[in-house]
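By letter and in written order, the chains are A, B, C and D; residue numbering begins at 1 in each of them.
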């Protein structure tokens, strides 16, 4: 491979912008060589912003560019699986955004193509690369808290997406909570056995039209006994709320929210600190950077991807179990899904 | 009624000691006139410690003492209902510790006796009297956080009780989580509709012999939409973990743990603060005091009990719903229980 | 001595009320038998509030009461020394509020009378009895932070006293910072060598009429090398600000302010916690209680007073050094004062 | 000027590395074109690390390079003034590290050369660019805390430099506290009038050989009345301690330390958070980036430097006043120095 990792970005939307910025400015070992989007204006604007030399209106054209080593798939979920297959067949290494795909068949098909081709695959769960999460996982594995018993993951967006976004999102479990399902396996270093889910449309009644909810609470039982609660909300007026805690026989590990700055104001009404960092583009910049550097390390220095296609599949299975539980009002076994 | 409220304590065990101390030293408007326990040594020792003039070996003898205005029932749960009936029939006002009783029939019978006799009844959920909980409820009712959407209640004891205690405790939901069931109704000012519960024996395998668990996670759906998670553990190595949070459309209210003191040590390994206050006898002293003062206010100045027999019954119903859910693995409607 | 310590309160003003309440309700081993004040209405009202049986309009009458074991001197500073002499001569044990007196001659005279009479003397620096301060001193002495190098004491009242109070207060150093001078010796377990002080009238220009300031900053060099900064303000709009920190070769110990409750509100403007406890009557209730119990322990069980007349004198010497420094703009040696 | 700002780094030591990294990787509008150091190995290594194309062994050769727009002066303090003159005469814009110089004559000479030549000059006090400090200054100017009355600046390095470094550093006031002197003017938006300083050699007795101290406490009176305390230590075992607070008539603004991550461990000994970020290279990365972007903005888009040569001079004057105060034990007027 060339001295620098040559990246092609597929999809110039919100998350495509995040990765274009990351690989252009925060990963010294990589350069972004091309961006493809079926909306040529979006692709062009992104290319201009980060000095990306080539623009395509079709991901297949990008895949045909021999000067590209690897692609970052940032399109809507429905296209992920086919694009992974296309990329693998073109011999390009793949970094795919979450969720891997909506159907397990599509996922299995895509992962088989990756396997056949021998390309490197990194599943894009950025929160695994957060310094706090990484430290907790390391400490859990090292036994610092003994046997994990209780886990809480709280993830609340600052404001809800549009109903249009919701229409094709696949629902809160596979679109939003997918991060937390992956994080629960990552933090506990354990596999889920049973899932219970319940949700409600409390913020945007319109989401109910698409059989979706905007507020959800899930309980997961893990093989080694730990019980994990995940709550998701599409709106937290105080900013992006991102907290985890794992309690075990010997202690508890947890994270605090990251705030806009480190100041405090003391006035007649008490002590005030600023809002939480507004959203993932602010809160997880360092995690995206670490993730990008990790992808480059995998390809340039033989590091092992810390988030695999199987991890991506496992999170989708959990989301499907949650969906079935929410519909039936009962505990659903992971083994019922696949 | 006499100038000071004259209290009789029934039951000289752990919680009897708490109330004997509270009414003897922290409630200026009350005096403790007698204590009854079938174990006369326990009663005598408690009487000596707080200068209580009269000791009985039978609660009926205490109830026959005309110089007593009100009783605090601190016996094991199985005796609560009958003693309430006895006290009501004797014309004594009643403050009864949690849980009200194990069976709804017994509860209904006891509350009917209270009603017939016209005595005042205060249900003893001490956490309602905590200054933080009180402030959150007041703010929720005042609309400070808009419509409540998500709620978390975490309650973890510092160390597990004996297996002997567990044998007659009624199980974690009615013995321990009963506090949190009540607190969820109190904080959200709303009624539960459905309950899902799951638990595990992760700390003391012996508890399983009595069909009990030491770790439990419950999800409750409330009428107005809020979803509440409660977790309980019989052991938190860092001290009594007592946290609540309520998130709504306009904000979030939460409490921090109270620590042993307000110091911090900064050393080579970072910043360290002391343990959480060890258990309820330390953490909730001010709440027990406020509760005692409230009971005196009800009887001396006509205040309305802020925790009624119906509140006590509602928490038992929630505990029974949780128990059924844990056994069946499904969401249980409150209306299924009673 | 009788089973219970029989206390007489001299002075029914603000601090007299604090000690009357403390010894009446928070020190089980003591009873308040009498209160004396030249303002009989004040004495009578205080007596009624706490059920104190006897009221005097002259401290000498109180001292003549054989049923009193010990007095708590709560009068204005100008009367302290003479009253200590009177009490000692009457064979009453003495607990004297800060500051000991304005002049060193008066102090030496009073302490000589105490010595001659053999009564027990406790100097009333309540902050020594704060659980946080006590823990820091214990840890400093145990070597937890190695050699103390830097110390900060911040003490800010919520709102300024009246100009009338200031007129006879003796000035900020001897009236207010006296607490912090004592605390610096207590926390560092070391003796001061040199003092630099500077102050300004920033809040109440009227205080300047009495040659006083409302804002002051003092630097103290201790024998073993530590340098300590004390700041005082007569007004902190967010409540009584009480913080200390001691940094040494092996770490740093510090305290946080105590807030009105343990809640947090998260809203559109960020995270808010309540005001600091408003003033010493709220913030130091537990310290006053511990101090009262300590005084009873000294007299009933032979404990050694943890704050002596010499400690009271040392703080006044520091205040005088500060005053001289503020007037001359130079570092003043403790040995220049006495 | 060319589209991108072309930077030359003069001095390849510790701070030269920081700026080489900043301008190479964190300031998109700038490129580093050359580095000069009398130690050619140091220059070459730095050039290699960041892909800097040209290396010089003499700053004058760098100044002769017409492809360079501006220089960042990162040499030892003794060379600053002459290099500013050389750069100004060569028509290069100048960003000079702190302190400006040791002597006021040299400073005045250098600033005159800057003025004559018309080049842009930015004084390098990186802490002005910290987001917390910037917010506090903005709020102070906006009147959020009313009239500033008390200010604390605490700055403690994690571990002492070598005695060799101390030998030519100019002493703690001009080498280390210079940052805090500038910060006091920046935060309070006010000018100092009088300074008192005291220090001690508590960490490294060897520093005393060079008439330096490792621990210092300074008090500054400002024109508008505020009193500011600065403490500096060459060693804080818990990491780089960087805190400020400003208290005024309407409130208090302060900063917290930034820690290694946002995790907490709760165990048998209490609650633990990680160390403070170790030193300025970690703690102030974002401030150095903002500073670099600001320098580029000044040159590319006409922004006004937010830290001038006069600011650099004012801090040196304060350092000299502190030095004189420490030697004489008296309050020194700023007007005595210059």
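In this section, contacts are C-beta pairs under 8 Å (C-beta built on N, C-alpha and C of every residue); 3 or more make two chains touch, one makes a residue touch a chain.
Keep in mind that this is a model prediction, so the values were computed, not measured.
Q: Of all chains present, which has the mean Cα position farthest from that of chain C?
A: The most distant chain relative to chain C turns out to be A.
Q: Report, in whole Å, the distance between the mean C-alpha point of chain A and the mean C-alpha point of chain D.
A: Roughly 40 Å, centre to centre.
Q: Take the average of all CA coordinates in chain B, do the same for chain D, and state the distance between these two points in whole angstrom.
A: 58
Q: What are the residue numbers in chain B that touch two or more other chains?
A: Residue numbers touching two or more other chains: 236-238, 250-252, 266-268.
Q: Using the contact definition from the top, classify how the chains connect: line, ring, star, complete or other.
A: Contact map by chain: complete.
Q: If you look only at chain B, which of its residues touch chain A in the complex?
A: 147, 149-150, 152, 154, 156, 194, 196, 198-200, 202-203, 215-217, 219, 221, 225-227, 229, 231, 233, 235-238, 241, 247, 249-252, 329-331
Q: Spell out the residues on chain A that touch chain C in their complex, using ranges where they run on.
A: 236-238, 259-260, 266-276
Q: Spell out the part of chain B that touches chain C in their complex, as residue ranges.
A: 25, 28, 131-132, 135-136, 139, 144-145, 250-258, 261-268
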